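Structures given as structure tokens follow.
Across the two complexes that follow, chain A remains constant while its partner is chain B and subsequently chain C.
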Partner chain A sequence: MEFDLYLRYGPALLHGFGVTVLCWIVGSIGGIVLGFAIACLYRWTSRPLRWLLQAYIEVIRGTPFMIQLFILYYGGPHFGLVLDPVPAGILSFIIYGSPYFAEIFRGGFNAIPRGQIEAARCVGLAEWTITTRITLPQMLVFITAPLTNFLIILTKETAILSVVTVPELLYQTQTMASETFTYIEPFLVLSLFYWAMVVATSWLGERVEARVTRHLRRAY
Partner chain B sequence: MMAGPSLLLSMGQRTVTFSFEIILKNLPYLINAAKWTLLISLAGMAISIFLGIFVCAGRISRQAFVRNFAAVYVSFFRGVPLLVQLLIFYYMLPYVGLDLPAIGAAILAVGMCSAAYTAEILRGALQAIPRGQIEAADALGIAPIWVWVRILIPEALRIGMPSLVNELILLVKVSSLASVVGVVELTRVAQNITGVTYRPLEIYIAAAMIYLVINSIISLLGRFAEQRFNTG
Partner chain C sequence: MAVLATSACDETIITVRRMSKHFGDFAALRDIDLDIRRSEVLCLIGPSGSGKSTLLRCLNFLEPYDRGEVRMRGQLIGWQEGNNPRRPLPPAKLREQRRHIGMVFQQFNLWPHFTALQNVAEALLKVKKLPRGEAMARAEAALQKVNLRDKVNSYPSALSGGQQQRVAIARAIAMEPSLMLFDEPTSALDPELVGEVLNVMKQMAAEGMTMVVVTHEMGFAAHVADRVAFLDHGRLVTCVPPAEIFGAEPADARVRSFLQTYRERNVV
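This part shows the complex of A and B:
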């Protein structure tokens, strides 16, 4: 172990970690928002549009992330979409995550008893109020766990961004490894950083779950 | 210029021919390889759901020991990259006397990793089941094991189905990692064919289409199951 390597490559690694976290957080938030929008739209629109959304979900969910990234980054310029690596990474992350989030939200919507929604409509609540005040708080109870799952999966997917030269963590560690011919040191840091992200996510998930399940403390 | 039906794509200065012939010629190999992908995925799914139910039960057990063990299981399998888990299963287990063939190691690694995610999905779904149902079952004198088998698990599977399908689709995609320990599955065969033909675009698109077909089938089955369960 050569620890002075860390002094030399510390700033680059930290920068890489910053880029990873940036892509991950912006991508996840964007994916959640887009996914929620898709799930809401799916609930309220006509049948043809629903098929369209379904097709979007199937295609994005069914193809590998790396291929989507390649198409957006290398194929984008054909359609006049020229993006820098980081925005391209974030955009593809949002697109990749959205169908998964949409399905999680759809499952959440479906698990709320219909009677509650009908009752809320009867008292004249607006659809949006029903969603934000009745459906969402209840479904958070059981979608927090799948959401945490998928956020953890996304932390690890950020590594794929390195193939389109996003200067994220894996890119920096690979640079460090190939410049110094050391492999243990860079990849040890790499795994520590990813581990920290996973631990932080699952901690956050537990906190959110504890917060949203206060009203139903129970044990089977 | 390639013979047969082809499509011209202009890429900057160059013109690339997209040849369907290459795909057609290599499709049998790809489909043959897809069988291994399917085997890993299906066996992995079976392990994932079966083991996931037990880990989920462990996560909410009253025994602190069982609960902690399940929590460690989940945090290990979710926290360590699957590639590392796969290498552990394949290269480390022989040291403790468990020599698995490559395909077995791949199935076990994929299944056990996915079980951690499945367990969390089911745990979330269990919370959506009205407490009254369990109390009613208790009042009727149904044994706890049957409460689980006949009431909790089917309901949790129904409520968690969309997330579960998400997870199973990810499992199919992640089965490509099995090529690392020498299982000749879809992605590896696509790489091999690319190495011979130098046509990465066509071959990888064909491979992606096969993954898309498999995943669409899973997704359709998921929808179907959801509608069947949703009779209430």
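This part shows the complex of A and C:
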């Protein structure tokens, strides 16, 4: 083990970690928002649009992330969509994650008893208020675990962004490896970084789960 | 004043005319005609699947009826006037109609992530848009009315069935509806908890609330209702004062055989 390598490549690795975290967080939040929008549309829309949404979900889920990234980054310019690596990476990340998030939310919607929605309609609550105040807080009980799961999967999917030269963690690690002909040192630190992200995510998931299931445990 | 009060009691709140409801090919309700007067307690009885609950749910458009009319003080419920085929009202208009009609369900349908107080206050805050302090005060007053002043901060999971149903009643009356609908409010309760809910309903009736109650509690129908409507196979067979159904032999054979099962259990 040559620890002085870390002094030399430390800044680059930290920068790579920063890019990874940025792509992951922005991509995940974007994916969650888009996925939630799809799930809401799916719930309230007419049959033809529903069919279209289903097709979107099937196509995105049915193709590898790397192919989607290639099509967006290298194919995009043919349609006038020229993006830098990082925005392209984030955008493709949002698209890639959205159908999975949409399916998680769809399951969440279905888990809320219909009677509760009817009771809300009877007192005159608007559909959007019902969603934000009644449905969403309760569905978190059911969807926090699958959401956490998928966010953990996504932490490691960020590595694929290196193929379009996004200067993220794997990209920096590979640079370090090829410049110094070392492998243990760079990939050890790479694993530690991913592991830290996963631990943080599952910790956050547990906190959220504890928060949203309060009413099921607390009794007066 | 006395004259005014009498005429107010005769005021018709709901008129139902030739109303029908189909689920696919199945006719759940056929040509229902019904008037509901102010401060009246109307009980709907009849065998399972006779359309009692469907009729109740058509009154606030939880089920869109497909023929005929339901009017509340002259206003067509759920559908736009004119137009053929009919078009449903825009959501905001339907909400405006619904906030004057309270509903209580067999399964309570409280929101489990809210405390009793939050359950009652929610619509006061979000629909009536009252300031927080006033909404909370009114919600507490509504819970006081159903004798649950000491349970304001309890979550539904910590309440008995009877207490949950009373919270549900408080949630509805806090909106000051001019009509209350009850869909088998005691059917999901343990026998010893039925009384506390019925007592609250009796008190509401005594205070002049207009109530339509789908029920299997023949005692409540016999003693509290002003009129009892009997449904069978989606038709309104009869709608008369309770004495005519529970007193002497009822005229209609279907009513007789339905009540026979209750008499055998010594309920009536």
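Just so it is clear, the second predicted complex is superposed on the first by the 217 of 220 C-alpha atoms of A that agree within 3 Å, B and C clash if a C-alpha of one lies under 4 Å from a C-alpha of the other, contacts with A are read in each partner's own complex, and residues count from 1 in each chain.
Here, contacts are C-beta pairs under 8 Å (C-beta built on N, C-alpha and C of every residue); 3 or more make two chains touch, one makes a residue touch a chain.
This is a predicted model, so every value here is computed, not measured.
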_Overlay on chain A: chain C relative to chain B, clash or fit_ = fit
*Which of chain B and chain C A:Asn149 touches, first, second, both or neither*: first
*asked:* So if I put the vertex at the Cα centre of chain A, how wide is the angle out to the Cα centres of chain B and chain C? Nearest 10 degrees is fine.
replied: 90
_So in the superposed three-chain picture, is A:Gly124 touching just chain B, just chain C, both, or none of them (first/second/both/neither)?_
second
*Figure out whether A:Arg133 sits in contact with chain B (first) or chain C (second), or with both, or with neither.*
second
_A:Arg47 in the overlay: touching chain B, chain C, both, or neither? Say first, second, both or neither._
neither
*asked:* With both complexes superposed on chain A, which partner does A:His215 reach: first (chain B), second (chain C), both or neither?
replied: second
*Of chain B and chain C, which one touches more residues of chain A?*
B
*asked:* Output check: A:Gln116 vs chain B and chain C. Expected answer is one of first, second, both, neither. What do you get?
replied: second
*Once the two complexes are aligned on their shared chain, state how close chain B comes to chain C by Cα atoms, in whole Å.*
9
*Intersection of chain A interface sets (partners chain B, chain C)*: 216, 218-220
_chain C contact footprint on chain A (complex, rising order)_ = 113, 115-116, 118-127, 129, 133-134, 137-138, 212, 215-216, 218-220
*In the complex, go through chain A and note every residue touching chain B.*
57-59, 61-64, 67, 78, 100, 103-104, 106-107, 110-111, 139, 141-146, 148-150, 152-153, 156, 191, 194-195, 198-199, 202, 213, 216, 218-220
*Show which residues of chain C lie in contact with chain A when the two form their complex.*
60, 62, 91-92, 95-96, 98-99, 101-103, 105, 107, 109-114, 122-123, 126-127, 151, 153-155, 157-158, 168, 171-172, 175
*asked:* Quick check on the complex: what are the chain B residues that touch chain A?
replied: 10-11, 60, 62, 75, 78-79, 81, 117, 120-121, 123-128, 131, 134, 152, 159-163, 165-167, 169-170, 173, 176, 204, 208, 211-212, 214-216, 219, 226, 230
